[in-house]
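Structures for review follow.
Shared chain: subunit A. Partners: subunit B in the first complex, subunit C in the second.
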Partner chain A sequence: MTRLSRWFAGPLGAIVLLVVLMSLAMIVAGTSPVDGFTALLVGALGGRNEIGETLVAATALLFPALGIALAFRAGLFNIGAEGQLLVGGLCAGALGNVLTLPGPLGITLMLLAGFIGGGAWGAIAGWMKARFGANEIIATLMLNFVAAYVALELVSGPLKGPLAAGAETAWLEPKYWLPTLLPGTRLSIALLVALALALFLQWVLARTVFGYDLRASGEAPEAARRSGINIARLTWIALTLSGAIAGLGGATIVTGELHRFNTQLSPGYGFTAIAVALVGDLQPLWICLAAFGFGMLESGGLAMQASAQVPKDAIHVIEGLIILVLAARRYVATRVEGGPV
Partner chain B sequence: MNPALSLRNVRKSFPGVVAVDDVDLDLYPGEIHALVGENGAGKSTLSAIAFGELQPDAGSVVTPPGGTVGLVHQHFELIGRLRVWQNVLLGREPRRGWRIDEAAARERVLAIARRDGLEIDPDAFVETLPIGVQQRVELLRELDREPTVLLLDEPTAALAPAEIESFFATVTQLAARGTAIMIVTHKLQEVIAYATRATVMRHGRVVERVLTAETNVDAIARAMVGGEVPPVAARAATEKTPCLHVKDLSAGSGATRLNDFFLDLRGGEIAGIAGVEGNGQSTLADALAGLIEYTGTIAFHGTLGVIPQDRQREGLVMNWSLVENTLLGRQHRKAARRGFELDRARARQETLAIRDGFDIRAASVDIAVKTLSGGNQQKLVAGRALIDEPDLIIAYNPTRGVDVGAASLLQSRLVEARNRGAAVVLISFELDEILALADHVIVMYRGAVLGAFDREAFDRATIGRLMAGSS
Partner chain C sequence: MSGLIATLVALTLIKSTPIIYAALGGVISERSGVINIGLEGMMAAGAFVAVTCAYATHSPALGLLAGIAAGAAVGYVLAVAATRYKVDQIVAGTGINLICAGGAAYGLVVIFDQPGASPQVQNLGSAYWLLIGAAFALAAALQWVLYRTPWGLRIRASGENPSAVVSAGLDPLALRVYAVVLSGAFAGLGGAFLSIGELNLYSDGMTAGRGFIALAAVIFGRWNPLGATAACVVFGFFEALQFVLQGQIAWLPANAMQALPYVAALVALAGVTGKVRAPAADGVPF
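Moving on, here comes the complex of A and B:
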């Protein structure tokens, strides 16, 4: 199959399916799909503020999706991005509360803290897999719960802001806020960081020795091992980096959007990002496009709910279906082509 | 007599190539029909069409009423973790109520095995069985379906001499019972010895139909390649320098364990490791390549090139291009990089050099290797192992499942490597290959050295006996 037809059989087909399923949901809800999609599009792109919100969501999805894709290319299924986002955000927020540095330097350190925190969270799963052969799907999934409760415990007690009403850290000083990209919206320059990261990862995967080793391990583990790649080492590096990228995303949410840490940092970005990564065919540049599409759904969904009476949750149901269809397609494709499953 | 299967004017094309072009073929009950041809001649496509796995673009495939076609693939399609009877009867298990009637299943497998002379333990787990026995399981599975036509794709590619004999005894017996048998093969000696008729294909067309009684190996080989078969490069006098010293080498466990293996090999020599599959050869290869833990001594300084046993699983990333695969195993060398990037221009040049030097038939070096035929994949794996002119080469069945022309070319490249001063460890299940190429023969049996001979002392009968474990 050519690249284009392969893309159509997968991601593009998934988008068509998404539109069809959403149309059905709208018809069931008693609205015409035309009205529903109009509401969705207006809600997502209808004005400066709408576009800003779409890009905010896209950015929040892009970081974990890139991390997930990196692990996936190494043959590892990281479904712990949600927890890695939280840990990254927590580290950034906690550090930001105690820093007394110039703004740019402080922000850099906070992002670095998020990167390291998320990476450490991914490294736990990586270490369990490399050392004991633990299944990384279970390990990363379970660490989500650990992350959620540890974060909640910390911001309810030791890290709780002195003036905070709920479970959250103190607000960051404005000098530690990421600069706004689109004036009048909540969109910060995190978007640029994410896009640069996508470009960088595309280059790493396609051109570097590390990317080559990573892809070889994902595509053909036995051939990779015999080519001199230390699979155990690569496994934990891949999961660590995967977590680190998600953690960086968590830090950008804290410094760019919430300006404090709380456990409502992510409404499931780490899970939706799996769909984003798959729709993006695990290629960083396509993932940017997919993140934008899913960002539209996130921000336009509310508008659609208001004017077209399609519950926003229906979108999440449909996103779940997309993951299923794409996962099944990958499986079927490898079976039919006789490659490794 | 009416044919059990007839193909008429069959044509099948894939993007860019006509794989089968206007072919007629009749298979009669009771005959053993050999289908031969070079890689890419269209044999596999034709048998897939005969089996019904592929639809021809034009032409017809006719079996008389009640006729059924069975196919045994070259790469076995067995489930290792299931028992023999479970594999044989998969999907057709005898039932008692809701449950599988295990006693009846076992009895059914044993009945076919006894009838056709295939010795088997129905309760053994398939993954524990040697290749030769696994093939019996494949065969039993087809036989349980009582096919009137049985297609065998490269059935003896992985078998030892004794196993080949017993395999053909079974096949001959099947034919005598009235089954029409077609064997797709590269091994022309077997065609002459066991088949009654042979059909030769080249570039998708039938170029010759012969009675095997009226022809010989050379004539068939010439028809296959459309000219003379290129001879294997001559062995030149070489300067011998010490290269590899192996002593008291033990590794692995179970049936394939290596026990106190020893070997001294000099540059400019080929050591042929003769033995029946499953006697520790893969453990030896992995220990020499440094892939597994071992005890004892392996003294070797220099560069290493490996042609692995299973090219698809161990040697290639099937979804990748020829260029990317050319780097595999060589990607960590300094020369493979330019700055942080892999030097793709250089890899492309190397791939082109391998393509030309090893005559790889590929539309482009950027297509996925999974689209290449097995022989061309093997040439790529071999070319990659040899391109850096390593001091030591480990070649594991380098010509397995490849055609005459390709085998001759691969053997030539190994001899040329020897002639330039490389040491070659040639592990092969084909004794003829070893006797033709090697300076020394080491016979392996149950992981140990059972005999060692220099070229002047090669004696086929003695070596064959040692391979079977009798001294």
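Moving on, here comes the complex of A and C:
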């Protein structure tokens, strides 16, 4: 019994909850769960193109989720990944429009621009936190709105493509497109970049002094401070890197998927990524798995909406519930194990 | 020019009101020891449910009540999570924001068959001026309750030193539940003001970070109701200014100007923190 309840407090519980709630959302929308789940699974994994789209979404989620996890491990809550994605994408797209370089070099520079742009955006919150002690949760969220309006201003005016209909830059030359990974789909080698980054971060967190300091300042800030770790410095480094990783993700969306910058670059990836990071237990390798699962929900959700008339937004409700349940999980788990309450 | 100033003053009052309600909710919650990151979601819930109820009953007054109730219900979820399950309050609040925004978007499709925005409903009409006045009156009342009544003292004590509340024979967790439910009700009222006071519909993303601006106002106002209200008026002023200037000065970048209230909140946040102190047990599960 205890073993069973422990499982229910963990991954099994999350999946059971997901299925039950999805069924409910489908019934309310007037679709039978069998039809709904069929549409979801076929939409996510039903063929080459579907699998490609699932992995595209997983990649787009993986970058910001890794960034969020990095900050979270340092005890910092970055809910500004949405804005950091946007700024990263904008920097990459704007640079790509003016470059005249060989393709691979141009792509590298664009990715670097995204990394730096997102990093700068994260650094604002990091600096505010380190210098003034300003709450990073509010700061990163406010910066999302600032990013959205500034990006809109720029691509409606100075950076707008000459032939663009909406708020977007000009198309990138094909030599600046990230190579396709799965022929016939939109999946680019950005997936490999993201996976490599996850491996690297796993190593950094587990095996380096920097990773140790980061975790120490997140888990026991007072002890970390007394052991000589410069918490203020670590705070802004963590938030800058967190933003940079999300910004890199934005750049890969531009070079790998959209082939130009568009203000609609992210349908809320930066927020879904919070759920991805938490479900992945803030461990980079588990986050890869979580990103795949949420990627399935993203791409399957669109298909479910189209063919079974279940609004895709139901998925965001469920993501929120998963976050809420996971927030309670640690307590339930200790209680089940008879630990201190 | 005087017409312009009158417009600016009126718009400032209108734009501050929803943030004031949410910020008052934030003050109550944080004074009791629970950080309410979910204010944004509670506002969205209030805004959406108010429209839905006004649509179904053709009564904006009932809509308003329903919006308050919806905010309180969401507040109860956070309250239980924070007291019974000792969750990380930031994480739980983030979850609540996703649930409410997603739930409203889902509801638009399922109830109105209209993604993006609800149909128009009858709104509160000129009665919304009453709600504007009420926001300021409530701020004053809450200031009095928190600092001059036994209940207020207990709420503040459970946010400063919950063990002392236990020693006094009271239950800080129960106090936190009341406070967070009330906080949700206030945020729901703020949301309802947005949807059926200022406007006459719900649209996706209409709360636009106001719940977080309210949290910044709580800090800027040093966790007291009148201070937070003053901060909200400042933020509301920048939102109004952005509207007024847009029509007047052609060379101003119209889109970037919309970032003004958020930049104001950022500056305020950087300007005061370090100089102010949060309730000692704010965000600490008990």
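Following the convention adopted for this analysis, the second predicted complex is superposed on the first by the 315 of 341 C-alpha atoms of A that agree within 3 Å, B and C clash if a C-alpha of one lies under 4 Å from a C-alpha of the other, contacts with A are read in each partner's own complex, and residues count from 1 in each chain.
FYI, contacts are C-beta pairs under 8 Å (C-beta built on N, C-alpha and C of every residue); 3 or more make two chains touch, one makes a residue touch a chain.
Computed from a predicted model, the values in this text were never measured in an experiment.
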| item | value |
| --- | --- |
| Joint occupancy of subunit A by subunit B and subunit C, clash or fit | clash |
| Subunit B versus subunit C as contact partner of A:146, first or second or both or neither | second |
| Subunit B versus subunit C as contact partner of A:189, first or second or both or neither | neither |
| Partner chain in contact with A:41 - subunit B first, subunit C second, else both or neither | neither |
| Which of subunit B and subunit C A:227 touches, first, second, both or neither | first |
| First, second, both or neither for A:109, with subunit B first and subunit C second | neither |
| Partner chain(s) touched by A:213 [first = subunit B, second = subunit C, both, neither] | first |
| Winner by number of subunit A residues touched, once subunit B and subunit C are compared | C |
| Where subunit A meets both subunit C and subunit B, residue numbers | none |
| Touch list for subunit A against partner subunit C, complex | 25, 28-29, 77, 79, 128, 131-135, 137-139, 141-146, 149-150, 152-153, 156-157, 271, 274-275, 278, 311, 313-324, 326-328, 330-332 |
| Subunit A residues within the subunit B interface of the complex | 207-209, 212-213, 215-216, 219-220, 222-228, 337-340 |
| Residue ranges of subunit C touching subunit A (in the complex, touch as defined) | 37, 77, 81, 85-88, 90-92, 94-103, 105-106, 108-110, 115, 208-209, 212-213, 215-216, 219, 253-259, 262-263, 265-266, 269-271, 273-274 |
| Subunit B residues within the subunit A interface of the complex | 289, 291, 306, 308, 313-320, 324, 327-332, 336-337, 340-342, 344, 370 |
